[in-house]
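In order of appearance the chains are A, B, C, D and E, and numbering begins at 1 in each one.
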Amino acid sequence: MLVELLIVFALMAAGLVFLVPDEYAGQFAAVLSLVPVGVSLWMYSVFDGTGNALLEGGQPAFETLANWITLGPYAISWHVGLDGVSMPLVVLTTLLTTLAIVSAWTPIEERESQFYGLVLFMQAALIGVFAALDFLLWFVFWEAVLVPMYFLIGVWGGPRRKYAAIKFFVYTNIASLVLFVGFFTLVFGLGDSISTLGLPAIAQALEAGQLGSVAGFGPGTVKLAAFAALFFGFAVKVPVVPFHTWLPDAHVEAPTPVSVLLAGVLLKMGTYALLRFNFTMLADVARANATLIAIFAVVSVIYGALLALAQQDLKRIVAYSSISSMGYVILGLIAFTPHGVGGATFQMVSHGLISGLMFMAVGVIYNETHTRMIGDMSGMADRMPVTAGVFVAAAFGYMGLPLMSGFAAEVLVFMGAFQSTVIPAAPLFTAIAMFGIVIVAGYLLRAMQKTLFGPFRLETDYDIGRAPLQDVAPLFVLLALVIALGVAPDLFYRMIQDAVFEVTALGLGGGA
Amino acid sequence: MTLSDTIAGLLGLNADDPLHFFVAAILASAIVGTFMLVNVAIAGPWAKRKITAAFTDRIAVNRIGPFGLMVIVADAVRLLSKELIVPEKVDRPAWDLAPLLIAGSALLGFAVIPMGNGIQVADPEVGLAYVFAVASLASVGLVMAGYASNNKYSMLGGLRAVAQNLAYEIPLVLTGVSVVLFAGTLQLGNVDAANTIVGAQQATLATIGGIAIPSWYAFVNPFAFVLFLVANLAEVGRNPFDTPEAPTEIVAGYQTEYSSVYFVLMYLGEFIHIFLGGAIVATIFLGGPAGPVLPGIVWFLIKIWAVFLFTQWARSALPRVRIDQLIEIGWKGMLVLSFANLILTAIIVGVVV
Amino acid sequence: MIPLQTSNTLPDWAALAPAIILAVTALALFLIDSIDPNDESPSMLAGVATLGSVLAMVVTGWYLVAGTGMPRTGGAIELFSGQLVVDGMSLFFTFIFTSVTALVCVASYDYLSGRPNQAEYYALVLLAATGMSVMASANSLATAFVALELSSLPSYGLVAYLKNDRGSVEAGLKYFLIGAVSSAVLAYGISLVYASAGVLELAAIAEALGAGIDNTGVLGVGILMVAGGFAFKTASVPFHFWAPEAYEGAPAPVSGFLSSASKAAGFVLAFRVFVTAFPLDVVAGTIDWALAFTVLALVTMTLGNFAAATQDKVKRMLAYSSIGHAGYALIGIAVLTGTADQSYALGASMLHLFVYGFMNTGAFLFVALVEYWGVGRTFEDYNGLAKQAPVACFAMTIFLFSLAGLPIGGGALSKWALLSATASAATLSAYLLAAALIVNSALSLFYYSRVVKAMWIEDPAGDFEVSSYPTGLYAAVVGAAIVTFLLLPAFGVVSGTAFDAAAALF
Amino acid sequence: MVPAEYYLLLSAAMFCIGLFGILTRRNALLFLMSVELMLNAASINLVAFSLQWGNLTGQVFTLFLMALAAAEVAIGIGIILVLYRNFADIDVTKPTTMRW
Amino acid sequence: MGNPWIAIGALALVGLLIPVGMMVISKLLRPSVPEQGKRSTYESGEVPTGDTRIRFNIQYYMVALLFVIFDIETVLIFPWTVIYRSALENGVGLTRVLAPMLVFVGILVVGLGWAWRNGAVKWVRSPRAEKRKDAR
C-alpha cells in the first residue's frame, strides 16, 4: 500500500496547495513534499524485491494488484510494484521534487499555489510511471506527466515560453501516440494468449513466443514494427538525436525548478521505458538491431556534446549535455552486459542528481544576474563564491571525476559496452563514446572559466550579492548525494544489478 | 343503397364498372345538386328577406309573382347580367378561384348526407370525417378572396373569417365526434342501416304516453346538441358570429370587391353552407331524414329549414359579438366545454355499456 | 413485473418512469407558468426542472443497479405490444440524457437570468429529454420516428430561443430546415422499409426480411434513407451542415444539450434499429450498411476534426469537434461485420457517448459561462481567463484534454475501447478506422490545446474583470468536471453495464 | 386493385418534386411546403402498402405523420416569423451572420 | 354497391360544373365597359391609400398556430371514438380505453391553459400588461 500512499498523498497535497494562498504555497508545498521523501526513503530501507518485475522469477516489492476495469478480452488492473530499477528512480523523484520546490521560492513570483500544485501533481504522476506494472495504468501516468509540464513551461517560462510549451507538448504527445499504437500492435498480435494488459504477463507471453500475425503481417514484422514505434516514442522523450530538438527550447524557457525536474526525472522516464519495453520485452529485436541503436547512442553522445560546445547560454549548455549523457544510457542498455545495463540504470539516477544540480546552480546565478549568457558575465566567483564552488563541483561530477556518482556510472557503462558481445565492434563504439567525455570537459571548463573566473564584469544597476540560503541549500544537498553515490555506488547499484541481470540474459539470447 | 346505385340499377348499368358507375353517379349528383340549389334559391333572395322583414315588422318582396316569389328569377337575371368589375392589383388566379371554391366545396358536403327516400349520392365508411373535412374547405376560399381582393376591408374580413372558422372548427368537430362515441362508426348511413349514425338514432329511447321517442342524439345528449348548434352558427358566419362580414364595420368583408356572377357564387356558397350545416345537424343529432307519417325527404327539408330559420332568427334577434369576444368565446368557452362534453360522453358511454 | 432488489415489485409500465417523470415535469412547468405568467422567479422554474431531471436520473440509476429489463432479471420489458422496450441499453442512454438535462437545467439558471419565457425554455428542454428517453426505448420505426420528432421539435425552438439575436435565429432556421428535410427523408425511408417488410416493429422487420426480400432496391434505398435520418440526429455526414451553425448560434447550454444528449439519442436509435431490424446477415444481399457506416464514420471524423482545427471561435470549434466525435461513436456500428466482438464494439460506442455526455456538455457550459461574463467568442478573447477564474478554467482543461483523449478524464478510456473494438474486428476497413481515430485524436489535441493555451498561458489582450461567479453555472461546470475525471478511475462501474446492455441486443 | 408499383412511382415522384423544391427555392415558406410534399409522399406509400399488406400499421403511422407534420409546421412558422423580424426577409440564403 | 368515392368524385365534378356554368352564362349576358375609375378598390368612397399587404395583428397568427395543434389532435381522437364503444362491448376495461385518452386530453388542456394564461387567445392586451411583460 505504500506506493498508493505516495501517489495519493502527492495528489492530495497538490489539491491542498491549489487552495492555499499564494504567499504560503511554497513553504507549505515544501513541507508536504517532505512526506513522500520520508516514505520513499523508508521504502528504500525496507526494500525486499528480487529480480526484475517483468520477468519470471521477479518479485517486486510493495506490489498491489486489483482489478480496475475489464474492456473486452482484457482485464486492466491497478498493478503497481517496485523492483530494483524503479526503486532508485522513485527515491530520485521524491528528493528532486522537494529540492525543486525549495529552489522555486526565489524565482517563482506569480500564481505560486498553482505552480506548486502542478509540481506535486506531476510528482504523483511520475511515481506512478515508475511504479505501474499495467500498461494502461502506466500510460495514464505517462500522459499525466505531460499536462502539468506543459503548464509549468507555458505559464512560468521565459520569453518564448509559449513556443517552447507547445513544441514540448506536440513532440511528446506524438511520441506517446506512436508508442501507444506500437504497443497495441503487440497486444493484438498476442491475441488470446494474454487476458490482461499487465506488463509482466505481456513480457512473459512475448518471451514464450506467442506473438501471432496482425493484419496479415507475420510475428517478426509485427515485433519489429512495434519495436520501432516504441523506440521512436521513447527516443523523443529521452531524447535521442535526431528527435531532440524540443529539449533545448523547453529547458531554456522553463523556470529553473522545472528544468531541474525535466532533466532530472522526466528524461529518465524515456530511458526507463526503453529498458522496460524495448530492451526487456523485445530484447531479441534490440539485439538484432544493436548496431543501429549503438549508432544512435554514440551520435547522441558526440553530437550533443558538440552542440553544447557551441552554446553561449549556460542553460542550453547543460541541456545539450543532457542529451549527450542520455546517449551513454542508451549505449549501456544496448550493450546487454551486467555492467552495461546496470551502469546505464545507475547513470539515470546519477545524471538525475547531477543535471539537477547543474541546473540549480545556473538558476541561482541567474536569480542574481538575470542573465545566462557566457559572454555577459565573468568573475562571478568573486561575488558568489559558494555558488561558484558548488558549480565547479557539479561540473566535475559531470565530467566524471572519481568519487562522484558520474564517474561510477560512466565507468560502468564503458566497461559494459566494451565487453559487449551484442554490439559489433563494441570497443570502437565505446572509444568514440568515451571521446565524448573530452568534449564535455571542454565545454564545461570553457563555461566555468569564462563566467566564474577572471575579473568581475557584469553591467547591472544593482549590486550582485551572495545567493540566499534557500537557493544554495538544495545545491548542497544534491552535491552531498552525488558524492555519496560516487563513494558508495552500492547503495543503489546492488539492487539495480539484481533487477537487470535477467535482462542481460535475455539480450544474450536467453529468451525467445 | 345509395341514389347512385339505384340509378345505375334503373339504367341497367353495372355498378362495379367504374365508368358505368360514374355515369350513374353524375346523374345522382345532378339531382342532389339541383335539389339543393333550388332550396338555396328560395332561401337566398326570397325567404331571407321575408323572414327579416317579419322580424322588423316590414313587408318584403311582394311585387312579382305569388308572395313575390318570382323575385328569385329577377334577381338571378339581374345579378348575372351585371358587369364584372375587376379591381386594380387583385391577385388574379386566387381572386377567380375563391368563388368557385366557396360554392363548389359547400356542395361537395352533400355527397354523403342521407336525404331520405334513398337520396344519398354516396355512403363511405368515413362519412362524418369527410363532411367535416369538405365543410372546412370553404375557409380556404374565404381567405383567398380576402387576400386577393387588394382591399383592406376584404383583407380584414378574410382574416376574421379564418380566425373564426379556426376557433369554432375544433369545438364543432369535438362535439361531432362525441356522437361517434355512441354510434361507434363514422358512416352516416341511412334510416334502415342499423350500424350507422343515422340508423342508430332510430332506436327507441323511451316511451312517453305511448309515443315512442327515438334516440336522436339531440335527446340523448342535448348538451352536445346545443354546443354543436352554436359552433355551427359560427362556422357558417351568421349572427351573432357574423364578424367576417360585419356590414357596419368592414362593409362586406371578404366579398366587398366581388360583383356580378362572382358575387352570386359567394352568396350561393354561403347559403349552401348554411344548409349544409343544417343537414349535418339534422343527420347527426335529429335522426336524419326520419319522422312519423311524412316521407323522409320531407322530414329532411323540415329539419334543414328549421335550422335555417334558426340562423335567420339569430340574425335578426342577436347583436353581433366583437372579434375579441368571438375569439375568447371560442377558445375559452366552447373549446373547454366541448372537451368536457367529450369526456363526459365517454364516461357516460363507458358506464352505460 | 420488474424484479427489483427490494421485495416489492412494480407494474410493467413503471419501467418507463424516467420518461414519464420528465414529461410530467415539463407539464408541471407549464402549469407553474400558467399560474402567473409574469412571475419573475426563475429559481422556482429551474428548481423544478432540475428536480425532475435529477429524479428521473436517480430512478434510471436505480433501475440500472437493480437490473430492470436486463437478462439477469428476466430480459427486456416490452410495453404497448412491443412498441417500446426497456432494457439495459435504453436505461443506459436515459441515464446520459437525464444527467445532461440536469446539468443544463442547473447551468441555465444563471444563463437565462433576465430573459423572458424561461418556463418555456425549461419545458422545452424537458420535453426534448422526454423524446430522447423514448427514443432510447423505441422498438418500432413508428415510435422511433415519433420520439425523434418529439426530441427534435423542442430543439428547434430552443436553438432559436434568443429571438432577438440574429445568430440564434439563423441557427434555429438552419437547424429547422435541415431537420425538416431529414425527417422527411427518414419518413420516406420508413415507408419504403414498410413497403418491403409490411411491419414496423424492429424484430418483426428482421423476421419478415429474413423470410425473403422481394424488392431489394426499394429496401436498400429505404435503409439508406433511414440511416440518413439518423445521421441528422447524430450530426454525421451527410446531414451535418446544421451542427456548426446551430451549436454556434444557440444559447450555449442548449448547444451542450444538443451536442451531447441529442447526439446520443440519435445513436441509440441507430444502434437498436440497425442491429435489431436490419441484421447484416439478413440484409447482406441488399445493402452492406456496415460499409456505409464505415465510410460515414471516416468522413465524419476527418471532416469534423479538420474543420475544427481551422476555426477561430471556441464555440464553433467545439461544434465541429462534436461532429468529429460523432464519427468516433459511429465506429461502434461500422465494425459490426461478424468477425468483431459485436457487443464489445457497440458497448465501446455507448461508453464513448456516456463520457462524451459529461465532458462535452461541460465544455459548452464553460462557453456559456464565458458568454455570461460577456467575454468574446474567439480564441484570443479567452486569453488569460485562468487568472480571473482558475477553477472554471481548470474544469475546462479537464474537459478539453479528456475530449482529446488524454488520460485525465474518462475520454481516454472510451477512445481506447473504441480502438480495441476496431482491432478486434480485424478487417481492413476496421484498421482504417483505427488509423483515422488515432490521427484525428492527435489532430484534435492540437486545437483543444489552443483553448487551454489561451486560457492559461496567453496574457489577456484587453482588460476585463470577471465581476460575478454565478453559482448555477459554476456548479454545473465543476460537477461535470468531477464526473469526467471520476470516470477515469471509476470507468469500470460504467463499462460493465454498457457491455452487458450491448450484449443483450444481439 | 391498383398495382403497388404505381403507388411507389407516385410517391417517388412527389418526393422528388419536394426535393427539387428544397434544392431550388429560397423562400422559407416554399421550402416548408416542399417538405410537406415529401412527408405526404411517405404517407402515400404507407397507406398504399397498408392496403397491400392487409394491416393497419401503415395507416396508423400516417396519422402520426400528419400530426408531426403539423407540429413541424407550427414550429417552422414560428421560426420563420422571428426570422422575418430579425432579417426583414424570409429568404433562407439571406441570414449569413455565421460562416456557412 | 359501387365505390362511394367515384360517386363523390362525380359530385365534385357537378359541384364544379354548376358555378362554371353560371360564369359562362354571365359572361354571355353581361356588358363590359372598361373604365379606369371604377377599378379602384373600395375605401368608403375615398381614394385608396397605401398597400393592402400590411402587417396585421399577431393574434391571427397565434390563433392559427393553436388551431394547427388542436385540429391535429382531433385527427387522433377520431379513431379512438370509433373503436371506443366496440372495445367496451368486447370486454376491454374502462380504464384501459378511457385513461389514455384522458391523459392525451389532459396534456392538451395543460397546453390550452398555458396558452390562455400567456395571452395567446387574448385579442386585446392592456397597455399596462404589455409594459409589465416588456419590463422583465
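Everything below uses one rule, namely that a residue touches a chain if its C-beta (ideal position, glycine included) is under 8 Å from a C-beta of that chain, and two chains touch if they have at least 3 such contacts.
Every value quoted in this text rests on a predicted model; they were computed, and no experiment measured them.
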| said: Removing chain E only, and moving nothing else, give me the connected sets of chains. | reply: A, C, D | B
| query | Can you name the chain that lies farthest from chain E, using the mean of each chain's Cα atoms as its centre? | reply | A
| remark: Between chain B and chain E, the Cα-mean centres are separated in Å by 16
| Between chain C and chain D, centroid-to-centroid distance (C-alpha), Å | 26
| In angstrom, rounded to a whole number, how far apart do the mean CA points of chain A and chain E lie? | 80
| message | As a quick test, compute the distance in whole Å between the mean CA positions of chain B and chain C. | response | 52
| remark: Flagged in chain D as touching 2+ other chains are 60, 71, 78
| field | All touching chain pairs, where touch follows the definition stated at the start | value | A-C, B-E, C-D, C-E, D-E
| Across the complex, what residues on chain C touch chain A? | 341, 344, 348, 387, 390, 397, 401, 406-408, 412-413, 416-417, 419-421, 423-424, 426, 428, 431, 438, 441-442, 445-446, 449, 452-453, 456-458, 488-489, 491-492, 495-496
| message | Which residues of chain A touch chain C once you look at their complex with the stated criterion? | response | 67-74, 111, 114, 136, 139-140, 143-144, 146-147, 150-151, 154-155, 161-162, 165-166, 169-170, 173-174, 177, 180-181, 184, 188, 215
| remark: Seen from chain C, its contact residues with chain D in the complex are 141-142, 145-146, 149, 153, 156-157, 160, 163-164, 166-167, 169-174, 176-177, 180-181, 183-185, 187-188, 190-192, 194-195, 198-200, 218, 241, 244-245, 248-249, 316
| said: Which residues of chain B touch chain E once you look at their complex with the stated criterion? | reply: 1-2, 4-5, 8, 15-16, 18, 21-22, 24-26, 28-30, 32-33, 37, 77, 80-89, 99-100, 103-105, 107-108, 110-112, 121-124, 129-130, 149-156, 159, 162-163, 166-167, 169-170, 173-174, 177-178, 180-186, 251, 256-257, 260-261, 264-265, 268, 323-324, 327-328, 330-332, 335-336, 339, 342-343, 346-347, 349-351, 353
| query | What residues of chain E sit close enough to touch chain B in their complex? | reply | 1-16, 18-20, 22-23, 25-27, 29-33, 38-44, 52, 56, 59-60, 63-64, 66-67, 70-71, 74, 77-78, 81-86, 88-89, 94, 97-98, 101-102, 105, 108-109, 112, 116, 121-124
